[in-house]
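After this come two complexes, each holding chain A, first together with chain B and then together with chain C.
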Partner chain A sequence: MIFVTKLLVIGVDGATWKVIKPNLDSLPVFKKLCGEGKSGTIVLPEGEAVISPAIWTTMFSGVPGSKHGHEKYVKDGKLQSRDDIPVEFCWDKIPDKIVALQVPFVIPPFNWNCDYMPPGFGASKDEAELRQDVEGITAKAKEILASSPECAIVCYNHLDRVQHFHWGEDEYVLEWYKLVDSAIGEFVDKAEKVIVISDHGFCGVGEARDKTLPDVAADGQRLKGDHHEEAIIITKGLDCEIKQPGDVYRAIMEMFG
Partner chain B sequence: MARHTTVSIPVELGEKIKKRIEGTGFRSVSDYTTYVLRQIVSSAEMREKSKGFKKEDHDEIKRRLKALDYI
Partner chain C sequence: MDHLDSLESKSIYIIREAYKQFHNIGLLWSIGKDSTTLLWLCRKAFYGKIPFPAVHIDTTYKFKEIYEYREKYAKEWGLDLIVGKNEAAVAGGMGPDKGTKLTCCTELKTNALKMTLKEHGLGAVLLGIRRDEHGIRAKERVFSPRNKDFKWDYKDQPAELWDKYKTEVGSEDHIRVHPILHWTERDIWDYIKRENIPIIDLYFAKDGKRYRSIGCHPCCNPIESNASTVDEIVEELRTTNTSERSGRAQDKESAYIMQKLRALGYM
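After this line comes the complex of A and B, so read on.
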């Protein structure tokens, strides 16, 4: 089979082996990817913030968090945008070769060479809005891949949202992993090489190396999960190893730069 | 391979930029200059596009991020 899309990067914010590995038989797409490719664990370095704005920035710029300093969606009362982050992303360097959909280093999540506005601006915890967004991103991803970009980046941030408030509710959390697994399955076979990666994992409150989230949300709802320093990595057909988030940037630039 | 064009800047400005980018993620004067120029151009494009976010949208996004404890 000839692929025009050489590389597909699928980001799944907050995805963790703690849920995926014991439930592989219920997650056929993850299972197939692990079987056909290589899977492993990224351990985020100590001293780097285990927080999504920082890690997604590093992943697509190659610049560590200690250098770029972007850790918050809102800083000093100002909603951060791409322009507030002093890095060049891979799509800045090779603008015609990449389409990026919903990369959550900012909110609303960032798009490059495509348009999509998520329900709730991509900052929802409402179940109906989250489901609608998974469907919307998947439909958009299929449309993007049908136009055969050389490199496509597609991100889902829904597992992170769900796990903040429902970590430990195993059946409920698994249903969301099944939803994302099924969504990815609709387009994962459209590229020659695939990277599936999370920015961080998840765990119960008090189990993380560095506490990232508070115990109680601003609206009084108790948070049940926190960000864990172990993220997932699955690669298929890739010649290089991805050991840290910034290696994704390096892999992209090596292939297309 | 990306195509480039050469832009000249005064030597003194280049030296100032070199000092400014020490210890940051910028690898060269070219990297930093490209970043600054992209900001200027994309801000101009955003203003032209402009259905852009209104203040009410920004306030709504911040309210939602607060509910998620991202603020």
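After this line comes the complex of A and C, so read on.
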């Protein structure tokens, strides 16, 4: 089969092997990808903030968090936008070759060469809105891949939202992994090379190397899960190895830059 | 017919259509360039005398120039002016420093408007919003229904094909009519220039700064600019790459997102 799309990067915010590995039989797409490609664990280095805005920025700019300094969605009372982040992303350097959908280094998540606004602006924890968003992103991803970009980036941040408030509720969390697994399965075979990566893993509150969020959110709901420094990586057909988030940027630039 | 004539003609058609359908209609007049342009179009549509009230929602945090302008031109243009205010919230000290700015906007703008529409029996309002102004406004219809809670269901809006508008609403709903939805910021300034519409001074640069979008003074910041005339503003817009509302310290969308991020524990 000849693929027009050379590389598909699927970002799954907060995905962890702790849920995937024991449930591979319930997650056929992850299972197939692990079987066909290489899988491993990324251990985020000490000193780097284990928090989504920082890691997604690093992943697509190659600049470590300690240098770009973008760690929060809101800074000094102002919602951060792309222009507040002092880096050049891969899409800034090769603008015509990349389509990026819902990269969550800012809220609402960032799009490049495509248009999509998630329900709740990508900051929802409402179950119906999250489900609707998974469907919306998947439909948009299929549309993007049908237009044959050279490199496509598609991100889901729903597992992160669910795990923060439901970590430890194993069946409920697994249902969301199944939903994302099924969603990815609808388009993962449309590219020659595939990277599936999370920005961080998950664990119970108090078990993380660095506590990233408060015990209780502003609306009074208790957080049950926190970010863990071990993220997932699966690659299929890739020549280079992804050991750190910034290696994704280097892989993209090596292929298309 | 040139571009501005075409825009004007369509807007006047919408204004007249709205008035024909809803005699209990009002014009929301924030005193900004867009709503003042809309007011100007209404004057032209009805040969100088607008047959419905102009409603100004007073948050009490508007620039003093806005109040001065309002009094001067309401009198000069013979407007039936309604000033709406959420008196209870104002008396309770509501302001941008109390709670979130979203709460402030909700109380002093949205709830004040709800009360004003109810008090004056207005079932439809004309608004000077434009599609190019803000992402969410791109989804708007010319005739845009709101339910009794003022909610806008952008996924369930009537189609507007070939300038055919759906003007029926449910008994508890009200309708918002947007006669300048199809205009751009440049169009507005070109029209202001052509018609010589008096515009509030805040838009013109003083000491290297001017306001590009005005509202409540705690939430608006001037932009860097030396454009002190309408011509200079038109030229500035021709080359700018920043958004019109970039000077807004906190627009409603940002405030809403930040409220959601707080609920996620990110703030």
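Note that the second predicted complex is superposed on the first by the 257 of 257 C-alpha atoms of A that agree within 3 Å, B and C clash if a C-alpha of one lies under 4 Å from a C-alpha of the other, contacts with A are read in each partner's own complex, and residues count from 1 in each chain.
Quick note on the criterion: a residue touches a chain if its C-beta (ideal position, glycine included) is under 8 Å from a C-beta of that chain, and two chains touch if they have at least 3 such contacts.
Just so it is clear, the structure is predicted and the values come from calculations on it, not from any experiment.
Student: With the two complexes overlaid on their shared chain, look at chain A and say whether chain B and chain C clash or fit.
Tutor: Superposition result for chain B and chain C: clash.
Student: Just to be sure I read the superposition right, which of the two partners does A:128 touch: chain B = first, chain C = second, or both, or neither?
Tutor: Neither: A:128 stays clear of chain B and chain C.
Student: On the A-aligned overlay, A:240 touches which partner chain: chain B = first, chain C = second, or both, or neither?
Tutor: neither
Student: If we overlay the two complexes on their shared chain A, which of chain B and chain C does A:4 touch? Say first, second, both or neither.
Tutor: Neither partner.
Student: With the two complexes superposed on chain A, say which partner A:67 touches: chain B (first), chain C (second), both, or neither.
Tutor: After superposition on chain A, A:67 lies in contact with chain B alone.
Student: So, does A:117 touch the first partner chain B, the second partner chain C, both, or neither?
Tutor: second
Student: Residues of chain A touched by chain B versus by chain C: which partner has the larger set?
Tutor: B
Student: Once the structures are superposed on A, label A:146 by its partner contacts, choosing first (chain B), second (chain C), both or neither.
Tutor: It touches nothing on chain B or chain C.
Student: Between chain B (first) and chain C (second), which does A:219 come into contact with in this model arrangement: first, second, both, or neither?
Tutor: both
Student: Examine A:108 and indicate which partner it touches, taking first as chain B and second as chain C; both and neither are also allowed.
Tutor: Both chain B and chain C are touched by A:108.
Student: On chain A, which stretch or stretches are contacted by chain B in one complex as well as by chain C in the other?
Tutor: 72-74, 79, 107-108, 120-121, 123-125, 161, 164, 213-214, 217-219, 223
Student: Applying the document's contact rule, which stretches of chain A touch chain C when the two form their complex?
Tutor: Residues of chain A touching chain C: 72-74, 77-79, 107-108, 117, 120-121, 123-125, 161, 164, 213-214, 216-219, 221, 223.
Student: Taking the touch rule as given, give the residues of chain B at its contact with chain A in the complex, in rising order.
Tutor: Going by the criterion above, the answer is residues 1-2, 23-26, 31, 34-35, 38-39, 42-43, 57-58, 60-62, 64-71.
Student: Which residues of chain A touch chain B in their complex?
Tutor: 61, 63-64, 67-68, 72-74, 79, 82-83, 86-88, 92-94, 107-108, 120-121, 123-125, 161, 164, 213-214, 217-219, 223, 257
Student: Sort out for me which residues of chain C touch chain A in the complex.
Tutor: Interface residues on chain C, with respect to chain A: 135, 249-250, 253-254, 256-258, 260-267.
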